[in-house]
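Next, two complexes with chain A in common: one pairs it with chain B, the other with chain C.
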Partner chain A sequence: MKRMKKMKGTLFVLPAFFIHVVIVLVPAAGMVFYSFTNWNGLKEPEFVGLQNYIAMLSDSSFFHAMKNNLVWMAMFLVIPLAVGLVLAVMLLNIGRGQMLLRTVYFLPYVVGAAIAGKVFATFYSPYSGIASIFQSLGIESLSNFAPLGNGRLALYAVAFVDNWHWWGFVLVLMFSALHQVDRSLLEAATMEGAGPVRKFFSVTIPQIKPTILSYFTFIIIASFTTFDYVWIMTQGGPANATELASTWIYRKSFISYEVGYASALCTTVCMGCLAVYLVLAAVQKIRGRDGE
Partner chain B sequence: MKKRKRLKSSVSYIVMILIAVIHMIPLAVMFLNSVRSNDAIRKRLIAFPEEIHWENFVTAWIRGGYLDAYISNLIIGLSAASIVLCVTGFAAYGIVKLDAPGKRFFRTYFTAGLSIPGFAIIATLFFMFNRVGLINSRIGMIIIYSAINIPFNFMFVHAFFEGMPKELDEAARIDGASELQNFWYNVLPLAKPIFSTVMLIVFVNVWNEFLFSNTFLQDEKVRTVALRFYNFVGKNSGDPAYIYAAAVISVLPILMIYMLMQDTFVDGMTSGSVKG
Partner chain C sequence: MKRKWKKKILKAVGISLCMAMLGCGLAACGNNKSGAGGGEAEGGGQEASPEEEVTITFYWGSIEDDMKQVWYDGFFDPFVEEHPNVKIDFQCLPDVQETLRVQLAAGSGPDLFMVDCFDVPDYVEAGALKDLTTYREQYKWDDVIYDWALDAGTIDGQLYGVAHGSEATSIYCNRDLLKELGCEVPETRAEFEDACMKAADAGYIPIEYGYSGANEFQQWIYDHYLGNYSGKENLKKLFTGELKFTDEEIKGAFELLKNDWDAGWINQGQSGAISNDEARTFFQNEQAVFCTEGTWLTMETLSPGTLTFDWVCTAWPSMKDGIPASGSAGIGAMMAMNANTEHADLCAELLNFFYSDEQRLANAIAAGYMTLCCDVDEDLYPEDIEADIRKTLDSMGEILGRDTVGYAPWSAYPSDTNIYMMNNLDKVYYGEYTVEQFCEEAQKVLDKELEEGFEFVG
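What follows is the complex of A and B.
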C-alpha cells in the first residue's frame, strides 16, 4: 500500500520530466551524435568520425569569434558588477525612495532583447539617431556617427545595450545579498574608524563573496552562449567584427546548413562551459571547506 | 557629525537620482518620439513633442500587423504558462509531499537541465520539428516554451513546497482525502502567490524570447510581438516615428504588468538564478 502511494508520487513528476527529456535532452544528445556526421538537416547523415572537430581547428572565423566572446566576458565580469554593487551599497544606506529607485534601475531588464536592441540600433542610425545630435551641435567629425557600421566600435556598441539592460538585475542580486551582511561588523568597523571605502572592501565584499563568485561563474558561461543582442543588432557584422561563437554556430546551422559541423562547434563550446563550471564549483567547495 | 552625515546622504541621493534619470533616457526618448513626427525626429533625436501625433500608433499597429501578433503571443504565452504551472506544480508536489522514489534523481536532473543552453538543442530540434510539421506552428512553440521553462520554475515551486508545513497533508490524509483532493483544496490555496509568479515569469519570458521564436516562426501570421517589431524596424527604417510607436506597442503590456506587480516580478526573476 505504502509502495503504491510512493509510486503515485513518481507519476506526478513524470509529465514535467517527459516534456523536458523529449524537447531538451534528446536534441542535446542528438547534437553530440550529429557532431560526428556530415548532416545538413535534410539528407540522411553519414558518419565522418572526428572530421568536423579537425576542420574546426583550422576555422579562423571560429577562433576570431571566440576572441570576441572573451572581450564580451571581460566587459560583463567587471562593468555590471561594479555599477550594480556600488549602487546596491548606496541604496542600502538610504531610507526613503529605496524601492522606487530599485524599480527604476531594474526596469530595463523587463524590456525584451529584440525591442531594446532595435530601439538602440535606431539611436545608432546615421540618418535619424545620435548622429543628428552631433550634426545640430556642429560637431562635424561625429556627424556620421554610426557605431554599428564601424568594425572597431560595433561590439562595444552592442555590449553597451546589453549592459544597460542587465546591470539593474545585478543590482537586485547584490542588494538581496547585502541584506544578509552582518550589520554589527560594519558598526564595529565604523567604531574602529574605518572609512566607507575600507569598510566596503574589508567587511562587505568578503561577506557577499559567494554571491560574487556565482556571478562570475554565471557570466563566464553566459558569455559563451550569448546571442540575442548581437544577432538582433548586427548579425555578427560588419564583416564578422561582432561575430560570436553563437552567431557563427547559428550561421553554420541555418544559413549554410552545415549542421554536423555546427554541432561539433556547439559541442565544443558546451563542453568548455561544463569544464569551467565543474572547476569553479570544485574550487568553491574546497574554499568553503577551508573557511569552516 | 550629524550634519556631515546628512550632507553625505544627500550627495548619494543626488548621485543615485542622476543615474536613475540617465538610465531612463533611452526609454523616455522612445516614448516621446512615439508621438513626434518623422521629420521632427530626423532633425533632432531628443526633444519634447511640439504637437502630439497619436496617429503614429494607428499606423504602427496596422503596418506591423500587431493584432495578429498580440493574439499569437497571448495564445502561446498563456498556454505555455498554464502547462508549466501544472506540470511543475505536480512534479514538486510528487517530490516534496509524496516522497516519490527517485526524487534525488529528478532534482539533479532539473538542476542540470537549467544549464543546457538553447544553442545545444536548437538545430536538432528544428529539423526534428520540420519532419513532424511543427514549424510555423503555435503548438510547436507552446511545447518548446513549456519545456525550456520547466527547470527554473520547478526549482521555484519546489523550494516553496519544502517550506510548507507537513501537518496539513497528514490531517487531510487522515480525513480520507485523495492526493488530488489534497492538492486542490489544501495546497493550491496556500500556493496561489507562488503560482501567479510562475505564470508571470513564463508569460514574460515568452513575450521577450527571441532565439527560438525567430527560428521556428517564419510565417508572418504566427509571429509574436517581439518578432513583428524586429521585422518592422527593417521595413520602416525611413520612418523613425513609427518605429518608436511600434516599440511602445511592443513593450507596453510588459511595462504595465511590471508597474503593477513589481515585487512579484523582481523576486521571481532574481530568486535562485545566480545566488550562491
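What follows is the complex of A and C.
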C-alpha cells in the first residue's frame, strides 16, 4: 500500500521532472560541454580543452563585472530588506489604509523592466530628465545630474531602479513573515520593560530569521543573474561601469559570438552560485541543529 | 460519500494535468517543419511547380512600418503580381542576427535574410549560405552591381551575399547656425575647430552624438576620425598589417577624438548618457550644429521635410593637413540565401528583382527606399521626388564620387577588431583606458584576425 502510494506520487511528478530535464538540465549539460570548445554558434564546435577557462583568468573585464556583481549583491542584501522590513513593521501597526498602502508599495513590482528601464533612462537624461528640472529651479549644482553618463554613478543609478522595482515585493514578504511572530513573546517583552527597538531586534528579528536567511540566499544567487535593467538602460556602459557577469556573458555570446568562451564564463558563475548555496544551506543546517 | 467523490475528482484533475504536461513536453520536442527554410532539404531541392503555392520567408532588421510599406510597394507586390502563386513573408525583427544564428545553427531559418558584411565569412564557414555564383552569371550582376559591392559578398571567389543598400558616412551641418556663428561649412580641421569652439561658446552642442544602449553607433564617430586623420591609404595599410594601431598615423586619430571629447564638443561629453534618437533631436531642434549620421538620415530615417532649416550633407572635414576631407562608402547589409532553402531559383529571382528594373528602383528610392549598389539614371527619378531625398542623393553622389572615399567600418573592417573598437572606445572617453592602451589591445585583436587569414577588401 505504501509502495503504491509512493509510486503514484512518483508518476505524478515525472512529467514535470521530464520537462525540467529537457528545458534545464540538458541545456546546462550542453553549456558545460561547449565551455570546452571554440564555437561561434554556427560552425561545428572545436574542442579546445581548458583554453576558455585559462583565458578567463586574464579577462579583466570579467573580473570587473564580478566586482560589480558583488557591489550589486551588497546593495540588494541591505537596502530592500531594510526598507521593506521597517515599512512592514510600520504597516503592521496601521489599522485602516493598510491594504491600500501595501498595494501602492507593491505596484512598482508589476511594472515591466523594459518600461521602467526606459522611463528611468529618460529621467536620468542630462537634457530631458531630472537635470533639466533642477536647472529650471536654479539648482546649478544638480543641473548636470546625468548618472548614466558617469562611470562612478551609473551602477548605483541602475541599481536604484531595480531596488524601486523590488522593495515592494520584499515588503509583502516581510509583512507575511511578521504575522508569524509569536504575539505572546512580544507581550512578555513589553512586560519586562523592553522598548520597541529592543523588541524588534531581540524578539521580531529572531522569529523571522528563516525568512531573512531565505531572502539572503535568493538575493545572492539572483544578483548573479541580474540582466534586464542593466541591459535596457546602459548595456553595461558607459565604459563597462555597469557591466555585470550576465551582461558580459550575453555580450560574449550574442555580440562577439564567442559562445564557447561565454559558456565557460557561465559555468564558472553557476558553480560559484552553487557553492554559495551549499555553504548557506550548511550554515542553516548547523544553526538549526544548534537551536535544537 | 461527498468526500470520496471530491477525492476522485481531484485525482482525475491531477492525472489530466500530468498528461497535459507530458503531451506538451513531447510536442515541444517534435520537429518544426514550419517555415520555408525547412531544415531537412538540401540546397538545390526540387523547385516548386508554377501552380504550387510557395511562401518565401525573408528576415530583415527592424524598420518602421512606412519603410516596410515601401518594400512591399516597390518590390514585393510587383514580384507577387508576376508570380501569383508566391507569397512573401517579410519579417522585420529586432536583433535579427541573434535569431538567425540560432535558427541557421539548427538547420532551419528563412529562405532569404539580412546579413552584415562582416558576418558573411562566419556564415560561409558554417555552410549556412547558398553559393550564388551561378545566379551572378545567369543574371549578369557584374554588369549592374558595383564591383566593390559584389566583392564584399565574395569569399574565395564565390558569391554568398548580394549587397543591399549603399550609403555614405557624412557630416550634416546646420547652415543657419553656422551663419549665425560666422562660420562656413568646415572642410579643414582649423575650420572645424573654429566652428566647434564658437558653437560651444554660444551655448549650442557642437556635435550631436549619442550611443547609450547601442555601441554599434560608435562606428560612425571613429570612421570620421580614422578616415579623415589617418586617411584611406593608411587604413588599408593598417588592415593589411603594414601599420599598427599604435603607430602615430592611426593612434593620432583616437588622440584627436579624445581631445574633442574632453573639450566637450562631442555632445558635451554626455554621449554615453543619451540614446542616438535623443541626440538626433538636438540637431532636428537646432540645438546642435553638426550631426554625425550618414546619408541614411535624410534618405530613410527622417521623413522628408523634418529638417526645417538650411542643412547640408557633405564629407566630414579633414582632421589633418594632407589628408583630404572624405566620407566612407558602406554597404547597408547583404541579402543572403539559406543553404537549405527549397526554392533557390525563385529566391534568386527575387534577389535579382531588386536590381533588374532601374525605373522601379528609382521610384522606390524616391519613396524613401535605400539606394542600392548600382547606378540609377538621374532622369528616371519622378519629377515630384521629395526635395530632401533629391538633395541627399546629390550629396551622396558627390561624397562617393570623390577619389578620397574611404571604407565604412561595418563593411570593410575586420569583424572582431570592429567589435572591440565599438565596445571599448568609450573607455577612452571616460578615462578607463589611455589611447595607448586602447590601441595596444585593438592591435592584439587585429593581429589574431590577420593570422586567421583576414583579407581586406578595400
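In this section, the second predicted complex is superposed on the first by the 272 of 292 C-alpha atoms of A that agree within 3 Å, B and C clash if a C-alpha of one lies under 4 Å from a C-alpha of the other, contacts with A are read in each partner's own complex, and residues count from 1 in each chain.
FYI, a residue touches a chain if its C-beta (ideal position, glycine included) is under 8 Å from a C-beta of that chain, and two chains touch if they have at least 3 such contacts.
These figures come from a predicted structure and were not determined experimentally.
Applying the stated clash criterion after superposition on chain A shows that chain B and chain C collide.
With both structures placed on the common chain, the touch criterion links A:24 to chain B but leaves chain C unconnected.
Contacts of A:255 after superposition: chain C is touched, whereas chain B is not reached. Contacts of A:213 after superposition: chain B is touched, whereas chain C is not reached.
Of the two partner chains, chain B is the only one touched by A:110; chain C is not. Of the two partner chains placed by superposition, only chain B is touched by A:228; chain C is not. Of the two partner chains placed around the shared chain by superposition, chain B and chain C are both touched by A:121. Looking at the shared chain after the overlay, A:151 reaches chain C, while chain B stays out of its contact range.
After overlaying the two complexes on the shared chain, residue contacts for A:183 are found with neither chain B nor chain C. In the superposed pair of complexes, A:241 makes contact with chain C only, with no contact to chain B. For the contact definition in use here, the residues of chain A common to its chain B contact set and its chain C contact set are 11-12, 15-16, 19, 22, 41-42, 121, 125, 127-128, 232, 254. Listing the residues of chain C that touch chain A in their complex gives 14-15, 18-19, 21-22, 24-25, 28-29, 95, 98, 101-102, 104-105, 122-123, 125-128, 212-215, 268-275, 278, 282, 416, 419, 423, 426-427, 429-433.
Chain B meets chain A in the complex at residues 9, 12-13, 15-17, 19-20, 23-24, 26-27, 29-30, 41-46, 83, 86-88, 90-91, 93-95, 97-103, 106, 109-110, 113, 115-128, 130, 143-144, 146-148, 150-151, 154, 179, 204, 207-211, 215, 226-227, 229-230, 233, 237-238, 240, 243-244, 247, 250-251, 254-255, 258, 262, 265-266, 269-270, 273-276. Those residues of chain A whose C-beta lies close enough to touch chain C in the complex are 11-12, 14-16, 18-19, 22, 40-44, 121, 124-128, 146-151, 232-235, 237-241, 251, 254-257.
Across the complex, chain A meets chain B through its residues 5-13, 15-17, 19-20, 22-28, 30-31, 34, 41-42, 87, 90-91, 93-94, 97, 101-116, 118-123, 125, 127-130, 132-133, 136, 164, 168-169, 172-173, 176-177, 210-211, 213-215, 218, 221, 225, 227-228, 231-232, 246, 249-250, 253-254, 259, 262-263, 266-267, 269-270, 273, 277.
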